[in-house]
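Labels run A, B, C and D following the written order; every chain starts at residue 1.
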Amino acid sequence: MSDVLERPADSPLKVVGTRPIRPDGVDKVTGAATFGADFSMPGMLVGKIKRSPHAHARIVSIETKRARAVAGVKAIVTAADFPDLASEEYEGGESASNLRDLSLNCMARGKALYDGHAVAAVAATTAAAADEALELIEVTYEVLPHVIDVEEAMSHDAPVLHAHLFTEGLETRPETPSNIAQKNELARGDLAAGFAAADVVMEGRYTTAAVHQGYIEPHACVAAFAPDGQCQVWSSSQGQFMVRTYCAKVLGLEASNIRVTPAEIGGGFGGKTTVYLEPLALALSRQSGAPVKMVMSREEVFRATGPTSGAVMEVTLGATADGRITAADVVLKYQAGAFPGSPVGAGSMTALACYDIENFHITGYDVVTNSPKVAAYRAPGAPISAFAVESAIDELALKLCMDPIALREKNAVRDGVKAAYGPTYRNIGYVETLEAIRDHPHYRAPIGPNQGRGVAVGFWFNIGGESTAAVHVNEDGSAVVVTGNPDIGGSRVSMAMMAAEVLGLPIEKVRPIVADTASIGFSMLTGGSRTTFATGMAVTQAARKIVADLKQRAAGIWSVAAEAVEWKDGAAHCLDPAKADAQPLSLAALAARSARTGGPITAEVSLTAQGAGPGFAAHICDVEVDPETGHVTILRYTAAQDVGRAIHPAYVEGQIQGGVAQGIGWALNEEYVFDRLGRMENAGFLDYRVPVASDLPMIEPIIVEVANPRHPFGAKGVGEAPIVPPLAAVANAVRRAIGVRMTDLPLSPPKIRAVIDAR
Amino acid sequence: MPRVVAIGSAARAFTGGAGEIEVEASTVAQMIAVLESRFPGFGDHVERRMAIAIDGEIHQDADGAILNPHSEVYLFPRIGGG
Amino acid sequence: MIRRHVSATVNGDPVEFLSHPGATLLDALRDELSLTGSKEGCGSGDCGACSVIVDGRLICSCLMLAAEAEGRRIQTIEGMADGSALHPLQQKFLDHAALQCGFCTPGILMAAKALLEANPEPTETETRYWLAGNLCRCTGYDKIVRAVMDAAAEMRQVRV
Amino acid sequence: MSQLDYVAPASAEEAARALAAGGTLAKVLAGGTDLLVQLRAGRLAPGTIVDVKRIPGVIGIREEDGGFVIGGATPGALIGEHEALTRAWPGVVEAATLIGSTQIQGRASLAGNLCNASPAADSVPALIAASATCVVVGPEGRRTVAADAIAVAPGLTSLGPGEFVFEIRLPPRPPRSADAYLRSIPRTEMDIAVVGAGVNLSLDAGGLVCEARVALGAVAPTVILSEAAAAALVGTRVDEAALANLDAAAREACSPISDKRGTALFRTKIAGVLARRTAIIAFARAGERA
C-alpha cells in the first residue's frame, strides 16, 4: 500500500478517498463480464481481413471472383466499397484526425503503406471459409521501396509515401512532397545568450524504438446493418461516441442511424481511441445482410494497430556551475507511421514542462514512415522526449557533481511560472512530488556493487472536454449513475463514489453504468486522463441538481422555503425553527413520495470541463546490471505523483503502478523489429517482450495531493503521468550502475554487454 | 486589450511570424473572429487545432469564455491523450 | 469437414460437443459451450488469458485441441465460485483492487488457484514466477501478487 | 486447418502405422505447445495429427537398471515433481522445467522439445550433456538413438517415416557426479534461450574432474557438444584457469547467427559466460555427492 496521505479526521468527505470494491468487480472475477469478443448474435458471420505482405506497394488490382465462389462466403469488401473521402481535419474530441487518412488506414486505396495494411475483408459463415476466401483473393502489387527509419524517411532521396504531402510549418511552402508532414517549433528567450551564460554545455543524441500499447484484449466488434439503414455496433473501444462518429464518416452514414454499445474493454492505453474493424464489419454486414463479428489475432494487433513513435532526439543543455539551467535546445524527430499525426507536438510541449528555463528552442518533426499509423499511447509523445531530456539532465547532474533531485528542485517550475508550452502554472504539485521522493527512505537506502539508482520526472497536461452524466433516483432511494465513458481502469467506481458523496448515500446504493450512444448524451472518449476529472464533474453536478430538487420537494412537504432545508447525511433537514417537529426526510422517504412531489427524481448534466490540472510525477529506480550477460534487474521502484485528490486511492495506485510497469518494458525490452523488407519480425508476445510478473518488484506509489480547485473534489488526471519518467529513470539507474550512458532504447542485454566491453 | 500569444511555428505561419497580437475581444469567440478577419485561415486553424490558455488556465472549445482587458491568451496545439 | 464428438467434464458437469479437428479447447469452451470467461489474448500460449485446469494441471486452453479433451476433467473460471460464494482468491482480487480492465483476470485467477493447490504458502518470488505466464498490462502485478499472497494466508487460516 | 484429422491411438505400433500412413503431413502431438502454434501460424500444412498421449508408458517416469526412463510425452511439471530424478539429474530437470510458463509446463514434453529440433530448445543441451538416449518407435519396430542424433538441422530430425520418440533414457549416476543447466534470456521468464549451456561432470576420489560433457544451445544450427570445452575441465578442480579455458573453448565452439533475439557476437560471449557458470554449479553439486 502507498502511504497515501489519509483524510484528515475533520474531513467532511465520507466516500471520496475510501477504497470500496468496484461495482463491476464480481463480473470480472467470475468471467461473466462481456468483452469485445464475448458478444454473439444469431446468424452471425465471421469477418476476416486480407492484409498487405509488403511495407510499401502500389495495388494494381484486386480480383475477388474466386473468393466469392467459396461456399459460405457472403460478402467481400475493398476500398471500392467505401466513399473516397476528401482530406478533412476532424476534431473528434481528442487530437484532430484526418478522416481521409482514417479511412485509408482502415482499408488501403491504391497503395499499401505498411506490412499488415488492410486491402480487403471477407465475411463468411465459418472461419475456415473466410480463411479460404482470403487465400483466393488475388491482389497484384507493384512493390515500392520502403522506409521505416525516421531519419532515412526525412532525407531528400527517401521513397515518398504520399505525393500530396508537403511539409507544413516551413517559412516557405516547399516545391516537392516530403515524408516530413510538419515542422513545429516552440521557442522563448535568446538561445545564444543562454548558452553564452552557461559554464557547462552538455550535448546528447537519444533514440527510442516504436512500442505497442500491448493491451491484452485484441480489437473486436460485432456489427449489424439493417435493411432500413439502422446500424448496431458492439465493440471494445475507449469511446462509443468516437466509434459512432468515425463509422459515420468513413461509411458516409448518419450518426443517428448508428447505435454503438460499449463492451467491457480489455485495456486500451490510447490504442483504442480510433477504429480499425468497426467500419469494415458494418460494410460487410451491409453487403451480406447478416451481423458480422470481427476479432483481430495478436499478430494483426501488432502489425496493423497503432504503436507509438520510434524517435531520434538531440538535446543540448547549458547551465551555470551552480546548476541553474540557462538554455535548452531540443530537436525531436518522431515516426508517425503511414499517415501524419505522430505525438511530436505533445512531445515538444512536455519536453521541458518540468523546468523553469528562460531560453529554449524545441523543434519537432512529424515524419511518415512505412509502419503502422501510430495511435495514442498513454501520455502520447511525452515519455519519448522525457527520455532524452531526463537523461540529459542526469548527465548534467553528474557533470556538475550535483544531486539529481537537487538539480531538478533548483530548476523546478512552480505556481506562477510560465510553462514552456505557454500557460502559467496554477496549483501544481511538482515540487511536492520531488520532496516526496527526496525524503523517502528509498532515496537513502544503500546501493550494492553493479547497482545504480536513477531519478527522473515527468509531466502530463491532463484534459477536460465534453462529458455527460445522468443520475436517476430509484423508488427505494437508491440511485443509478449513467455516463458515456468506457471504464478501462475502474473509473465507474469513482463515478459512483462522487455521486454517493454528494447524495449522502452509501456507495452500495449507487449503481454506475456505461450507456450506449442512444442512451446518454455525447461524451468524449476515455483518454487524456479526463474521465474522473471531466465526467466526474458532470456526475457531481447532476447529483447536486438532484439534491437541489430533493430540497425543493422537502420544502414543499414542510411548506417552508427551500433555503430552510439542509441536505445532510442523505436526508433533508428542516432548519425552520417554527417547524421544530419536522423529522428529517431521507432520500428513500422522498423517493417514495416522488409521484406526489413532482414525479421521477432524475438529472442529467452535459458540460465541457475546463481547468484540468496538470500531473507531475517523480520516480526513483534501483537496478542491478549483470556485467557479463548485460541483463538488467529492477530492484526497487518508487513513484510519487500529484493527483490533486485521490477519489479511489487503490485505483490511483494501480494507475501509477501500471504506468511504471509499461515504462519499464519500454526501457528494457519492448521494440518493433522489422526485417529488410519492412515486415515486422516480432508480432507476438513471445518476442515483443512486455514485462512479466517475475521481471518486476513491488512498485511503491506515493500519492501527493495538491487539490485542483476547478474540480469539486480537487481531482487531477492520473493515468498518463506515471509512464513518463520510467524510461529515463531506468536509463539513469543503468548509467550509474555501469558508468556508461546508454542513449538507445531498449536497453537490451546485447547492447549493454557491448557498451560494457567497450568502456 | 487582451494579448494573444501564439507560440509555435504552425500558428506563426498565419500571423506572418508575429508571436504576440493585441485583440479587441471580450470572449474567445470574438477573439477567434478577429483573428480570422486579420489573418485569413488563422481563426479556423485555432478552432480546429489549437487549445487556449486564458491567464494560465487551459480551455478547450470555450467560445463563451470571458477575456478581460488584461487577459493573456496563449494559443498552442490541441492536446489529446491516451 | 467431419466434426468430432467429444465428451468431457467441465466444472463438474458432463458436457458433450462437436468440434472441428483443428479447434482448440478454448474455441470449444467459448463457441460450443458459451463459456466466454476464458479469453484469447494471443492464441500462442504467451499471455495466459485462456488458462484452465485439465485433470489438475494448469494449461493454456489455446494450446490444447478440443479433441484431446475427451474424458478429461476441465475447470474454468466459471466454476471457481461456489454458487454465489466467491473463492477467497476472487474476493481478495476485489479487496486489493488487483484488476483494472479485468481481461487477464480469469486466467490469472485460474493460475493462482493452481498455485495455491500446489503451494499453500508461496513466497513473493514463487508467486511471481508461477504467474509469469499470465500477462497483465494494467496493474504492474503489484496488487495481483499481494492479493494472491493474502488469499493464501487466509486459506491457511481456514485450514487450521 | 480444414483438412486436419486427429487420431489418438492406444498403442505405439498403431501410432507408428498412423504416422507412416499420413506421410510427411502427419505430425506427432505430445504436449502440442510447439505444434499448435505452428499450425495456427500456418507454418505447418494441416494433415493427420497423431496424439500419442493415450499410449501406455508414454507419460510417466520410472527407475530402471539404476537409470531413469522418462516417457516421451511426460509434461515438464511431472518431471519437476519427481524427487529421485531431480536428485540424480538436477540439470536435466531444471532444463526441462525452464521450458515456457507454468501453463506450458503442464503440457510440454522432452520428446517434443527434442523433435521440434530448435537449436534453442532448453532441455536438449542438458539431455546431450547427460548422454541421454531415445527409444524411437517406428513401423520397423524400436531402436535406440543418442539424444544428440535426433536433430540434424533447425526443424529437421533424423527420424524416419512413421517414427517417433517413445521414451528418453538417462544412464545410471556414477558417484561424485552431477549436472546443471543455465540459459540466458532477455526477461526472467517466457523467452526462447538466446544461449543455453548444459554441463555434466564426474569427480574422481581426489575431487578432480575425471569426466565432463559440455553442450551449448542456440549457438549453432543444432545443439553442440564441445569436446574442447569438456577437456578444459577434465583433471581440474574447476579453478580460475580451467574456467578461463572453458570460456575460450566454449566461444571457439560457437557458430551462431544474428537474429531478433541476439547478435552472433553476443551469443558467442554469453556461451563462454554460461559454460563457466554452469560448470561451477555442476562441480559444486558433484562435490556434495562425494
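Methods note: a residue touches a chain if its C-beta (ideal position, glycine included) is under 8 Å from a C-beta of that chain, and two chains touch if they have at least 3 such contacts.
These numbers were taken from a predicted model, which means no experiment stands behind them.
More contacting C-beta pairs link the chains of A-C than the other of the two pairs A-C and A-D.
In this assembly, the C-alpha centroid of chain A lies 29 Å from the C-alpha centroid of chain C.
Here the spacing of chain A and chain D, counted between their Cα centres, is 44 Å.
Rounded to a whole number, the gap between the C-alpha centres of chain B and chain C is 55 angstrom. One finds 68 Å separating the Cα centroids of chain B and chain D.
The set of chain A residues that touch two or more partner chains comprises 128, 213, 268-269, 685-686, 691-692, 694. Shown for chain D are the residues in touch with two or more other chains, namely 1-2, 41, 188-190. In chain B, no residue touches at least two other chains. All chain pairs that touch, listed by label, are A-B, A-C, A-D, C-D.
Partner chain D is touched in their complex by these residues of chain C: 1, 4, 20-22, 24, 43-46, 48, 51, 54, 57-60, 62-65, 67-68, 70, 111, 114-115, 129-134. Listed in rising order, the residues of chain A touching chain C in the complex are 19, 21-22, 24-35, 37-38, 128, 213-218, 264-269, 295, 297-298, 488-490, 648, 650-651, 653-655, 657-662, 684-686, 690-694, 696, 698-699.
Those residues of chain D whose C-beta lies close enough to touch chain C in the complex are 1-6, 8, 29, 31-33, 36-37, 39-41, 46, 49, 51, 53, 75, 77, 100-104, 106-107, 188-190. Residues 128, 132, 299, 628-631, 668-669, 673, 681-682, 685-687, 689, 691-692, 694-695, 748-750, 753-754, 757 of chain A are the ones that touch chain D when the two sit in their complex. Looking at the complex, you find that chain D touches chain A at residues 1-2, 41, 184, 186-192, 194, 260-263, 265-266, 269-270, 273.
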